[in-house]
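Two complexes follow with chain A in common, the first pairing it with chain B and the second with chain C.
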Partner chain A sequence: MNMTFELSYEGKKRLVIGGVLAAIAAWIAVDAMAGGAEHWARVFVRLPLLLTGQGDGWPITGGFALNILLSIASMAVATVLGTLLGISTLAQSPYLRLPAFFIMNFLRNSPWLVLLFAMLFILPFQVEVFGLRIPFPPFVKAVIGLALPTAANLSEVVRGAVQSIHSGQWEAARALGYTTPQIYRHVILPQALRRMIPGWMNLYALLTIATALATVTGIQDVLTILNTSLAMESERVLVYFYLTTLFLFFAYCYPIAIFARRLERAVKGDNI
Partner chain B sequence: MKRSEALIEIDNIHKSFGDFEVLKGISLSVNEGEAVCIIGPSGSGKSTVLRCINGLLPIDEGFIRVGNHRVHELRSEKEMRPLRHQVSMVFQQYNLFPHKTALENIMMAPIQVLGHERAEVEDRARKLLEKVRLGNKADSYPGMLSGGQQQRVAIARALAMQPEVILFDEVTAALDPETVKEVLLTIRELVDDGLTCILVTHEMKFAREVADRVCFTDRGLIVENAPPADLFDNPQDPRTREFLGQVL
Partner chain C sequence: MFGLDYSWLADPAYQNWLVTGVINTLELAALSSSVAILIGMLGALGLSLRVFWLDALIEFFVEVFRNTPPLLQMLFAYFTLSTLGLKTTDPVTGLEVPLLSAFACACISLSLFGGALAIEAFRSGLETMPKAITEAGRSLGYSRWARFWRIEVPIASRVCLPSLTNILTNLFKTTSQASVITVPELMYYAGQIYNDTFRTLEVMILILIIYVVLVSILSYGMSRLEAYLTLPGYGKGQ
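Now for the complex of A and B:
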């Protein structure tokens, strides 16, 4: 008798993921029995510090929460900048299009860490506008430093989405007397938006991961805390802290990436 | 025909895409209330003529006047605005805005472009939907409507601008025979109402019935321009005869 196991792609995938998870669980269990439990307990005690920047967990002054805040603020700035940049690269006028192209390509091909350092030195400590003092604390510099490359990458997403809108939409809107900015606002962007969401979410996940780089600006993010407040922990325990930090990022970003992929499939399905 | 009184006057227009000359000196005038059909083989420049009339395409050479707008002299979209108010266009692919309902599609431009009062525009839009026999589809999105229904919404959208002229570019070419009839009926009513229309069409029977004049275009030129009875029953040019022989 010939017995064969026919597994679907989904089935195989589930099998592999299950295997990996089981291996990790086994490793943790074995390690815990070999003395790792003590280290985990140490991590658990310091977890509030890692998450919020305060040993008691309140008020929130930094830690992983600051990374999230930084990612949200940067993404907000990047969304506005990226949309403007993306539309500019599609402009009729070369005076708008060419500089936009240059900026986009320059930012897309710069290492994020270098941009962050650059912001640190280029942006002043504060600026005075009409006698009003606007300070640039490290957090703001980090927001700008991370928003710039994200905006450049987002502009490609925007560009692709706008170009995917059928040219008949432009023609119909122009025939109705709309001007170009009006066409973007009322006709093109509302339709392009749905197609942008998956790419936007992917970028957000990437940006969140990159917020760890912002430690170079000196803000009290999770990595800074690991390197300063927890530096006196024993080297052995630090490994567990780093593992925990990796897991925090994974737990936050992976669901976003999954969701983005789902949406991508859903958006592909309807070709309006 | 008194040329100076024509609503639309096109004189010797030329248009090239790259090296390819699509329009090689087209002249045409259309009086107010007239329905002119343009027929001709594919690629002869019919759509291009329509696009030039409402300024969607700039011409290389020649003269176009619609009402008191000298179209060939308009440069920016902003300058085009009064012209676009006067001239509406309906496309082969309907080109409705898929993210808006039928009613919103009709209301958008009068509010956002012409700055008309919302309540008044809604009233007008609902009446137009009734007119194209889609009163019950006001809240449907274009994706939920059949091709013929979408095209009739597109006609209502064009009418909502209260134009003096409507350009129809093969508006039934993408429809199945069943729905062609309902769209043609709608257009016929507009012509009977006295709206000035220029229609590019492959529906010869329809052209014969509604048109005041039929133009036959071939390779960028208007070869023959005559009342339908003359053009269809007694074509003068051999190219017209050949074309009609193929399609009739």
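Now for the complex of A and C:
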């Protein structure tokens, strides 16, 4: 009998990844002993600034927390816009369908950074609705600028999910006298929602990654802080700050990506 | 029209900047796309070999590059490669200059980012390959490499063309972020022009339209290629 401990393929893979992580940790430790420790100490002192925009960590005015807030706000706007846009591309009337297609393709084909920049200048500083002044601070502009391309991508997800619902559902609902909005509201969307969730989550991870671009609007996000507040740090230390920031994004987005992939596999087989 | 002032477009200097910007953008996109596709193919081949340590290393690479902002990757590459790392002495001035230009750094980091996405696309293409086909190749005496290059790549590349189109358009759009590390591409010249003319809105609308047209041409070209390459039974020919 073989006495050696047998690992599965996945187990071996995990072992190697663990080895890579250990090697990175070892490299950091060696580097720390060779003088990197004081650099890491600088990072540790500045960590609250990177995370919350304040040296003391409170109140939260920016930093990575602002990136997350921005991603949540943009995703909320994008979910509403994207669902409407996606359903519009499936409309019977060409007056609704063709403009929706045009808008979707325009937004999908424009670079996020350029769109964000354009929104910065296209959107006014404030709008007046019925004598009520609604100001458009850079944060709101960043939310809209990031929500638009996300909405266009989400509309594809919505479209795919709605189309994947069996046509019998439509026919049955019509036979029962439902109107089109009622069919969407009570029959199609509740079923399509389940299939939309993995795509929605993937998009959320993508959006969170793209919030790094919001630095061009001048809000105090993690990259702005990295580029301005930390400018007085020495060049060598900045490498450690960049690594820390890269890790922050990775630590937030990777679990979401993993979870989305699991859900995708769970949803794949189901045919309602 | 709409109170927009495009009179600056008549200035040959600005026209020149725009043309140079477009050319540099195309160059950056073409270079990084080709390397990304190469990385994607090699990575997918590596994954298909089912060697656990190679598999783990490739997965690590893909996850790191997919889950961090390309802008930050580019800044990091620019900063570490050119500011801290590789330096050379200019023979004329005797000054120390970075060995890699901003363009080279952007190219490297975009290639790696695109490559990570492409590996995923090619992998899912290879996974849909029916076992019978590779077995048929093996029984005809094809070596592992010949099977990959003559059988799997032609079929898998057709299956994954739609997702490859997504990746290439995504990469093209991401090249605009190279302006942040002062690569003189279209977005960079946009900044130059509106700093000169103060016509921010007009410049950004024009640049947005130029990008949308370029990306639309790319995705149209890819869909034509898809139609041209269709094999009965695979991808769109299904």
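Here is the rule we use: the second predicted complex is superposed on the first by the 259 of 272 C-alpha atoms of A that agree within 3 Å, B and C clash if a C-alpha of one lies under 4 Å from a C-alpha of the other, contacts with A are read in each partner's own complex, and residues count from 1 in each chain.
Just so it is clear, a residue touches a chain if its C-beta (ideal position, glycine included) is under 8 Å from a C-beta of that chain, and two chains touch if they have at least 3 such contacts.
All figures in this text were calculated on a predicted structure; none of them were measured in a lab.
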Joint occupancy of chain A by chain B and chain C, clash or fit
fit
Value for angle(chain B, chain A, chain C) over C-alpha centres, in degrees, nearest 10, is 100
First (chain B), second (chain C), both or neither touched by A:205
second
Examine A:114 and indicate which partner it touches, taking first as chain B and second as chain C; both and neither are also allowed.
second
If you tally the residues of chain A touched by each partner, is the higher count for chain B or for chain C?
C
Once the shared chain is lined up, is A:102 touching chain B (first), chain C (second), both, or neither of them?
neither
In the overlaid three-chain picture, which partner chain does A:187 touch, first (chain B) or second (chain C), both, or neither?
first
In the overlay, answer first, second, both or neither for which of chain B and chain C A:27 touches.
neither
Applying the touch criterion given at the start, work out whether A:44 contacts chain B, chain C, both or neither, answering first, second, both or neither.
neither
Report, in whole Å, the shortest distance between any C-alpha atom of chain B and any C-alpha atom of chain C after the two complexes are superposed.
23
Across the two complexes, find the residues of chain A that touch chain B and also touch chain C.
none
Residues of chain A touching chain B in the complex:
166, 168-169, 171-180, 182, 186-187, 190-191, 272
Spell out the part of chain A that touches chain C in their complex, as residue ranges.
9, 12-17, 20, 105-106, 109-115, 117-118, 120-122, 205, 209-213, 223, 235-236, 238-239, 242-243, 245-246, 249-250, 253-254, 257
Within their complex, chain B touches chain A through residues 54, 56, 77-78, 80-81, 84-85, 88-89, 91, 93, 95-99, 108-109, 112-114, 143, 157, 161
Per the touch rule above, chain C residues touching chain A in the complex are 50, 52-53, 55-57, 59-60, 63-64, 66-73, 75-76, 79-80, 83-84, 169, 172-177, 179, 187, 190, 200-201, 204-205, 207-208, 211-212, 215-216, 219
